[in-house]
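What follows is a pair of complexes built around chain A, which joins chain B in one and chain C in the other.
Right, the complex of A and B next:
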């Protein structure tokens, strides 16, 4: 048996501060919305729906008391019949992504897979935020534009 | 005389990775069975730049080396 010792990737995956050339670049963790609503398994779906839409959201992450992601409620699940609980209505065990992933790759994959939002979590499954495709695409485009402007400046300077 | 065949369970349609045709249950990226571009777990790791790095003889390589070119267009 081996004890797992956290390494460099776990540091990045926990969204902890880094230095170097790519430290300031947007990532899944830096673009994800930290204010995404959360709820518990045993809450009635109609109460959650009202609360979530009342603050202008169309998604809610289901977590336990430790903030570990258990499920996801997107628009379709939020529209479940009023008698259901969150546990009955949610998508259980959604695919989650680590905060250090480059935003351009996330945007590209979300577009290819027609995914509107994905939960971003640490390696041990704790919620960091919800990454929305429109945010990811906007951040990726800004990064792309900045990269081109930088290249053009280099050409002018050469 | 041959015995009558047992009725077979209807087979679910085959789901395969769009990249490598590996049979998968659902897309590793979005978790959906009817994903328009289903991806297996190994291909997803490669796509997101998470493939295992080869240890560098001088004590490790930079993760920045794995970053792809920015989106075009």
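Right, the complex of A and C next:
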């Protein structure tokens, strides 16, 4: 007999698959963009800026070799003077969110705090993706619409 | 999972100490055929559970042991360690 003491919360926070009614629901992890550019602390900011904007992004997540999030570069940080490194320019220790959080909750939180984007990480800090507010709000709206249509169908059928 | 650990120690006067495992070990054990058992309330289990996990309320875990495959390891879990 084994005891997985860290439990279901640990499993969810690690972004691992689940079964059940919530399995298909959009979450921070499922909506986060996994193609967000990443960079290292010692890279020159001008090289990162060129690379990031060259692929159509306006943000970059700073990680170490293990993929642990160390910082965030948004528009303002990407415009730092060319002589600076990523470490000098970045926003260190950004707020991060776990993959299992419901998307409606994330959208509301980002609206309330006027947040443009947030890194989504596992419980051990590894990057899952970058959740953009526009994606979170769109997914939350689609979920709300689908739920509302389902309720209407139930009402009609009653 | 303090209740489970206490139960296991006192069952039938014998000491059964479940071994604590982390999620990597859970994944490894499941790959090798271990059975997952969630002991949270049924509603929470139905909302979301680990893949292939079965449900047994904590108070019925002794009965559940008779329905589980005794040739395969069993991993029980709750919400967290609190």
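We adopt the following convention: the second predicted complex is superposed on the first by the 152 of 158 C-alpha atoms of A that agree within 3 Å, B and C clash if a C-alpha of one lies under 4 Å from a C-alpha of the other, contacts with A are read in each partner's own complex, and residues count from 1 in each chain.
One rule holds for everything that comes next: a residue touches a chain if its C-beta (ideal position, glycine included) is under 8 Å from a C-beta of that chain, and two chains touch if they have at least 3 such contacts.
Predicted model only: the values in this text are computed from it and were never measured.
Does chain B (first) or chain C (second) touch A:94, or do both, or does neither?
first
Please indicate which partner A:12 is in contact with in the superposed arrangement: first for chain B, second for chain C, both, or neither.
The answer is both, since A:12 touches chain B and chain C.
Name the contact category of A:20: first (chain B only), second (chain C only), both, or neither.
Both partners.
For chain A, which side has the bigger count of touched residues, chain B or chain C?
After superposition, B is the partner touching more of chain A.
With the two complexes superposed on chain A, say which partner A:66 touches: chain B (first), chain C (second), both, or neither.
neither
If you stack the two complexes on chain A, which partner ends up touching A:42: first (chain B), second (chain C), both, or neither?
neither
Considering each complex separately, which residues of chain A are in contact with chain B in the first and with chain C in the second?
8, 12, 20-22
Using the touch rule from the top, collect the residues of chain A that touch chain C in their complex.
1-12, 14, 16-23
Of all residues in chain B, which touch chain A in the complex?
Residues in contact with chain A: 27-32, 35-37, 39, 44, 47-50, 62-64, 67-68, 70-72.
Please name which positions on chain C make contact with chain A in the complex.
Touching chain A from chain C are residues 1, 4-5, 8, 16, 18-23, 25-26, 29, 34, 38, 40, 45-53, 73-81.
Which residues of chain A touch chain B in their complex?
Result: residues 8, 12, 20-22, 91, 93-95, 97, 101-102, 104-109, 112-115, 118, 140-141, 143-144, 147 of chain A touch chain B.
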